[in-house]
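Structures incoming, each one as structure tokens.
You will see chain A twice below: alongside chain B first, and alongside chain C after that.
Showing the complex of A and B:
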């Protein structure tokens, strides 16, 4: 019964999505708005049906059979409803219609978008939503049923997904990914109108900032998950699917900043519209890469050629038509630049240039294997060495400008005044960088010092902004300051972690000790444990630091019953300055175990920086809500 | 000047079309199937016991027959899937099917053969997995086609279905025999 209801709800949602497109053509008052809310209601209903199918472990539903099991704990059963292609696509559609509904309520309340434009934005969103719901219904229906003749049990969720990460990471990531549809719809609607309302950039900004914060947080959560689950303490792998989430993030960061120029200076209009289209196109590209099987990745879903063809065709229509609009209408938005070479505008333009170059290098690296294969040359995979070599040098100047740009005035600025303003900040950043290896005893490396300098420079320059503010309200800039400091902390964490991590692989008998990075690790005992759907061999370690303080930590080797697959569950000791990471390997016949021990300094700073980005996003939303809605005027 | 403007405005469209074409082409490719460097090379040397009678077997057993060498294990789910196809095609006497039992428990392997059927002429047991490394095996099931001179001519990755047999493997074997 529930699966049929869910299926029916999807059909109704599809119907309402089509009504949403028809909105501007059928002049029935309130019809389009009703369609938006009904669509959201029915998709939410379908999602609930799917979740209940999982809770009841209804194995007649194929998607449930493939991803659930009677022994799977409840919380993972709920998570499993988006743990595979079909369910995650339903979540995707639900989030898209959720954003649309939220955007509509918000805009109707603030009255900051003229009705004509609002109707067009909702229309474009309907167009995207229809395509995705149709995709869901026709190629990836999560409610497809099959009645087995004899009782069977489900295939269970892949062990690697049985982690709290599954509960938060995909919804958070999708909130980001999908949310950019609004900015895209905004850009296309503006192009269709052929003229810009004066405050459109202001009205559009929260719809870039919110998804951007969610995406930042989603990416960081994914990295945290990989760090804990994959058992070797890495936090970024340049996997094609990680790249797929990083690409829209980079483009959206550019969009975020160029919108500011649009709002404050009425410049960069065409470029901003283009960036909104690029950002969403990259979200699309990511979805296509993950779900079509054109690339090999640890994340890729089981693939089906129809899905790839559909998604590609749909992407061609949506992004292609947006680009056609852009081609035809862009001449209306052209304005000669009104700023001097050395000004805040130039720095924000540089920001865009750098970020788009970074996007281009990652796209090239990710698609290069397909290019070679398409030309029948050879099969290769592009990995970390390429990305580290090209991505890092591009981002370094951007980080330096990040500290500088907020101090540069709009319009024009002289180099001398800027130098006078910033020289002490520069001096102290360099001083601390120089002192760092001496005080902490860490080895000196040029690149590491560069990373440390950039991090400290951004923090100091941003704090300087705070101290130089005279009787202005702090809230509007605080979001920017927190986000920028978040990036600085991220950079510091990544640099220090990359440079000073230490690891050792050892063979240990119970009772034996090993020293690493000033800690003594003792394997206390090995015992067996039983989980709800796994059995595990757990090793209890005692760790003593050089001041004699003791901690204990358990590292497990789990065997999941339904998959007969071993998973290493690392034991991690956490504090602000370092993680100690112990992964249990294989056993030897003499009772010894191979153990990998990692000392990972500053790894928490990476997650911490990521959450600051989320916080910055929320603060900026609060600022936006506090401002009185400015009435719109056409120019 | 007009041309410059056209290029500037049209550039995003051109890049987009290029990427779309590339992805379209990409859909027809199979990136997960990595070609074996052993194609057209002699089969690697091995010396492995037979699962059923403990007799030693070597690569010289391959000479004189067209061989389908199938790498499998009792713990491999996809192997159980292809077994019915293998049993069906083993009726064909133009070629021999040799099994390579990969990192397996011998008792489990024998039980598994009773359950799913035994299409193999002989089964070599590679308990350490060292021989599989020589063959460049990175997962089960994998199937090699070896000609009468003991030279590897084809490698198929993944379970063999009846369609795979008809469309892919059968033409290769017929050409060799």
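Showing the complex of A and C:
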């Protein structure tokens, strides 16, 4: 009964999505808005049906049969409802309609968007939503049933997904990914209108900042999950699926900055609209890459070529029509630049150029092997060494400008005043970079020093802003400061981790020890443990630092009963300055075990930096809400 | 005599209780080479993993292969050439520079350069 209700709810949601498109043509007051909320209601209902099917472990539903098992713990059953293609797509649609409903309520309350425009935005969103719900219903229906003649049990969720990461990472990522649909719809609606309201950029900004914050957090959560789960302590592999989430993030970062110029200086309007389209196009591309099966990835998902064709076709229609709108209407938005070459505007444009080049690099790196293979030319792999050689040099100057740009004036600036303002900051950043290897005893490398310099430079230059602020409200600036410092901390974490991580692979018998990076690791004992749906061999290690302090940590090899597949569950000792990461490998005939031990300095900084982006985003949102409030009081 | 006996037990003690490295290198330089090579080569049977990190049997064999070649004094280039001969360019995470990959290596920089040039042109144009 439940699956049929869910299925019916999807059909109703599809109907309301179509009504949402028809809104501007059928002038029945409130019809379109009702459609938005009804659609959200029915998709939420469908999602709940699916979750209950999982909780009941209803194996007559094919999607549940493929991803659940009677032994699977409840929390992962709930997570499993988006742990496969069909459910994850339902989540996609649900989040899209959720954003739409939230946007609508917010805009109706704030009254900051004219009705004409609002109707058009909702229409464009309806267009996207219809396509996705149709896709869900026709090619990836999660409620498809099959009644087995004899009792069977489910295939269970892939062990690699059975982790708290599954509960948080996909919804967070989708909140980001899908949220950019609003900015896209905004841009297309503005193009359809053919004119820009004065407060357009201001009204659009939260709809870029919120998804951007969620996406930052989602990417960071994904990296943290991979770090713990895949058993080698890597936090980024330039895997196509990871790239797919980074692409819209980079474009949205460009959009975020470009919108500021739009709002404050009434410039870059055309370019900002273009960036909004590009950002959502990249979300589409990401969905296509992940869901179609054209890529080989470590994050294995269920794939099917038919879905790829549908998604590609739908993407061509949505993005293609947006681009046609753009080409037809863009001349209305063109303005000659009203600023000098050396000005904050130029730096912010430069930011866009660099970020879009970075996007292009990743797109090229991800798609090139696919294209070469499709043309039957050659089979190549593009991985970390390529991106380190091409992507990193493109981003480095951008990081330097990130510290500098907030100090440059709007309109124009002379080099000499900027130099006078920044020289001491530059000097101290260089000084600390030079002192770093001497004080800490870490080995000196040129590229490492460059990374350290950029991180410290951004932090100092950003803090300098704080001290130079004269009786201005601190909140608006602090959002930017926290986000920029977050990036600096991210850069420092990545640089130091890449440069100074050390590891040993050893063969250990119980009672034996190994020294690494000033720690002594002793294998205490090996014992068996039983989990809810797995058996594991657990190795208990004692770790002693050079001041004699002791810790203990367990590293496991789990065998999941339903899959008969071994999974390494690393033991990790965490603090602010370093992680100690122990992964249990295979056993030898003499009772010894292979163990990989990693010392990973500053790895936490990477995730701290990422969470600072989320924090910065939310602060900026508070500013947005507050500012409006103050204005109302003033009136 | 006692001292010798003590030293002897000490040595014995140490050798007994220190675990051995699976890939034992005589110099740290070789160890870095091993780490670098295994991280830049793809495990051919995995979804998308390098051979340093993969648990697949093939990756283990390749690690052993590279370890032995380093021990017998082969240079990085020789080892990579050997593996490319056997498995093709697909094994390299750093794609080779050839006619087919020109776009891969140059396009990003061309795009960046033309973007910046256009930017300067756009701002300067009005004068």
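Quick notes on this one:
As a convention for this text, the second predicted complex is superposed on the first by the 627 of 635 C-alpha atoms of A that agree within 3 Å, B and C clash if a C-alpha of one lies under 4 Å from a C-alpha of the other, contacts with A are read in each partner's own complex, and residues count from 1 in each chain.
The criterion applied here is as follows: a residue touches a chain if its C-beta (ideal position, glycine included) is under 8 Å from a C-beta of that chain, and two chains touch if they have at least 3 such contacts.
All values reported here derive from a predicted model rather than from experimental measurement.
With chain A as the common reference for superposition, the partners chain B and chain C occupy compatible, non-clashing space. In the superposition on chain A, A:183 contacts neither chain B nor chain C. When both complexes are overlaid on chain A, the residue A:327 reaches chain B alone and has no touch with chain C.
Contacts of A:382 after superposition: chain C is touched, whereas chain B is not reached. In the superposed model, A:370 makes contact with chain B only, not with chain C. When both complexes are overlaid on chain A, the residue A:523 reaches chain C alone and has no touch with chain B. In the superposed model, A:312 makes contact with chain B only, not with chain C.
Panel annotation: after superposition on the shared chain A, the angle at the CA centre of chain A between chain B and chain C (CA centres) reads 50 degrees, nearest 10.
Of the two partner chains placed by superposition, only chain C is touched by A:336; chain B is not.
Of the two partner chains, chain C is the only one that A:237 touches; chain B does not reach it. Measured by the number of chain A residues touched, the leading partner among chain B and chain C is C. Closest CA pair between chain B and chain C after superposition: 5 Å apart.
Applying the stated touch rule to the two superposed structures, the overlap between the chain B and chain C interfaces on chain A comprises residues 296, 369, 379. Those residues of chain A whose C-beta lies close enough to touch chain B in the complex are 274, 277-278, 281, 285, 288, 292-296, 305, 308-309, 312, 315-316, 319-320, 323-324, 326-327, 330, 363, 367, 369-371, 373-374, 379, 564. Looking at the complex, you find that chain B touches chain A at residues 9-10, 12-13, 16, 19-20, 22-27, 29, 31-32, 34-35, 75. Those residues of chain A that touch chain C in the shared complex are 230-232, 234, 237, 239-240, 296-300, 336-337, 339-341, 346, 349-350, 353-354, 356-357, 360-361, 364-365, 368-369, 372, 377-386, 389-391, 394, 503-509, 511-515, 523, 568, 585-586, 592, 594-595. Residues 17-23, 35, 39-40, 42, 46-50, 52-53, 55, 88-96, 100-101, 103-105, 107-109, 111-112, 115-116, 119-120, 122-126 of chain C touch chain A in their complex.
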